[in-house]
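Okay, got some structures for you below.
In what comes next, chain A is part of two complexes: it sits with chain B in the first one and with chain C in the second one.
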Partner chain A sequence: MLTLKQLQFHYPNSRPVLKSVNLSFKPGGIYGLFGKNGEGKSTLMKLVSGLLNPKMGLCSLKGRSTQSRSVATLRDLFLVPEDFELPGLPIQTYEKVHSSFYPNFSKETFYNLIEEFRLSPNQVISRLSFGQKKKVLIALGLAANTPLLLMDEPTNGLDIPSKSQLRRILASYVDDGKCIIIATHQVRDLHSLIDHVVILDNAQVIFDSPLSDVSEKLWFGKASKENEASALFSESTFGGKAIFPREDRDESEIDLELLFNAVLTEPTQINTLLNSINHG
Partner chain B sequence: MGKEFDISRIVQFIKRDLTLQKNTITIGLLVGSIVLFLLYLFNMVWDKRLSADEFLGSFSLCYFPLGIFYVYTMLREFQNPKFNHSYLSLPVSNLERITAKWLNGALLYTLVFSLIGIIVGILAMMVGIVVFGAEMHVTAFFSENYWKVVKLFLLIQPTFMVGALTFSKNRVGKTLMVLGLLFIGFLLFNFIGFGILNHDFGVFSGESSGSEAFDRASQDFSVLGRWFYGLIFGPLMLVVAYFKMVEKEV
Partner chain C sequence: MDFDNSKPIYLQIVDFFYENILEKRWQEEERIPSVREVAMMVEVNPNTAIRAFNHLQDLEVIYNKRGIGYFVSQDGFSKVLEIKRREFMEQTLPDVFKKMSLMDIPFDELKNAYNQQKKK
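The block that comes next holds the complex of A and B.
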């Protein structure tokens, strides 16, 4: 669905933000795009949505370059940016002036979500908190029914109950024809939602793997004196969590934060182990 | 696959702009109407009548500045970093965006403000008759001069569109500054051109005063000149505005 080939980008008079990035996103998946602050997550989202032009390489959605910002491409994607402002209109007016641009827009989904987010169609957006405004935009994005939904730090500004509510809604939204990419540095917020992890570091993709592969090859647990030596990565605190090669162990629950830290610290070791799936 | 130029989408986009800027537009038009009303009345105080020239003069005084501010209002989203993500990722092609902005900021605005000019004019005349006994005088609003004023606005409006699309801060001031510099540049160009092509007028003879030479040079002296400036400040600026829209990055 979405392909990035040899994508390179840098801002004027600045270090490279993305160096030769190759990625492929398939329908039916929720992708978590992780990375430390300033590692190019938001830039990648903007490149995908055509808001930035790559210095080299290509970004194509359903075979069409996103750079041209053509109607056909823009109809297939919806971006929920990290920092935004919405006009001071009632929610229903905001929906009316935007829904007509998306051919598959579902009013029913929009108003169901607005209700689920405990908002009212008559509420004026300018009087809402940032978190509530984000909910309005997320509702619009989900109701637009675009094959690709891009969300940049969607949990920023949301309270704790709203974060789990968002996870539940997103999980029910995705189907075989849709793809969601969520960029965040708050790895823990996406627990149990995503099924594919992409990690950016030092302007490059250092990890790109489905969680099924992670689960198959890695085991997440607590380090002890007996197994400490075989740990691929462990937290520095005594008795802290660690990642081991799974081998014959039972499947464990993936700790995304631990995986993220492990990949940043030991990218080669983790990737070598995961790549052995394909070769052995 | 969606069409890249669709009239219904343009109409939808204009509707969206009008809805989003409803409050600003309403206040702007109200202020414009009040100022226009006062100007009409002021013109009636001395001779108890509102001549066609006074009518059009007052109208132009409001029509141009309001029209320029309207252009900037319509393109506010484009430069605002908190709004432009959503604005630019909306499924509307660049050609449709620029067409919608021009139709809205030039044609629709002219139509609406002309209507307001007529209504306010009639109202001012009625008040003038009642308050200081002004004579009832039917003025031909859509005179030749009116069309000249509209033509001039349609010609300069795209330049302000380019300004609104180019500058992110102090947009009006910066556009006026660039226009001022351009005006001086073209004045000098005209002056030199006039001096070279019309040497017989004696611009460089030393007998004519400098200001007289500048007066002559600043006047439009040929049909070719009219086309030249007309094309530069009209369609060419629309093309520039289109490419500004295409090149915009967030």
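The block that comes next holds the complex of A and C.
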């Protein structure tokens, strides 16, 4: 659905933010985009949505370059940015202005979400708190029903019950025709929803794998004296969490934070194992 | 739902199904929530929920009526009981025995504790 080919970008007079990024996103999945601060997650999202122009390379959605910002492309994607300015309009006016751009916009979904988020349609957006404004944007993004939904740090600013609401809403939202990309640091907030992980580091993609492959090839557990030597990565503390080749062990639950740290320190080892062909 | 960190989420969803069937909240031949409803209930990706449904279908605990939904099998309760009993005998008990020998607890003491618990 979405293809990034040798995408390159740098801001004026600064080091490259992305150098030769190749990625492909399929519908029916929730992609988690991870990386340390300033590693280009938000830049990538802006490039995908046509808000920035790549220095080289191509980003295409359903075969059309997003750089050209054609109507056909723009109505197929929605970006919930990390920070934003919203006008001093009542929520319902804001909805009326924006919904007309999206052919599959569902007013029902929008007002259900607004209600679920404990907002009311006649509240003026500029008077809302940051978290509440974010909820308005999230509601708009989900109601837009676009094939591609990009969310940059969606849980930032949300209170604890709202995070759980967001998980529930996202769980009901994915279907075979939609692709969701979520950039976040708050791995714990959404780990049960993500089914494909992309990690950016040093302006490059250093990891791109479905979690089904990860749980097939890797085993997450505690390090002990007996298994220490075979660990691919382990936390420094004694008896800390570690990653091992799975071999014939029972499937374990993936610890995304641990995976992230492991990929940053041992990218080649982890990737080689993941790309290895099963002997069984 | 709170997730335990060691067990894959789909198996934890399977446990959630077992609990509902054993406690008769979900009766035999009764329709159970859909994949999407379960995904929402436990706040997981529907793909993860599908794995749990497939697993339970393979074990014949639930079955699918095309176009209608998933149902608890006719002998779903006894199937679950058998699975959970085996799990107890093969996993929980050996663990208890291991701890008993580690702490040097004689079997009689366990027996007494069991009888006392039963009297309550």
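Everything below uses one rule, namely that the second predicted complex is superposed on the first by the 276 of 280 C-alpha atoms of A that agree within 3 Å, B and C clash if a C-alpha of one lies under 4 Å from a C-alpha of the other, contacts with A are read in each partner's own complex, and residues count from 1 in each chain.
In this section, a residue touches a chain if its C-beta (ideal position, glycine included) is under 8 Å from a C-beta of that chain, and two chains touch if they have at least 3 such contacts.
Predicted model only: the values in this text are computed from it and were never measured.
After overlaying the two complexes on the shared chain, residue contacts for A:51 are found with chain B alone; chain C is out of touch. In the superposition on chain A, contact of A:112 is made with neither chain B nor chain C.
Of the two partners, chain B and chain C, it is B that touches more residues of chain A. In the superposition on chain A, contact of A:172 is made with chain C only, not with chain B. When both complexes are overlaid on chain A, the residue A:71 reaches chain B alone and has no touch with chain C. Looking at the complex, you find that chain C touches chain A at residues 3-9, 11, 36, 39-40, 42-48. Of all residues in chain B, only 1-4, 6, 9, 12, 15-16, 19-20, 23, 80-83, 85-86, 88-94, 96, 246, 249-250 touch chain A in the complex they form.
Taken together, the chain A residues at the contact with chain B in this complex read 46, 49-53, 69-72, 74-75, 77-79, 81, 83-89, 93, 96-98, 100-103, 137. Those residues of chain A lying in contact with chain C across their complex are 28-30, 164, 167-168, 171-172, 174, 192-195, 215, 221, 251-253, 255.
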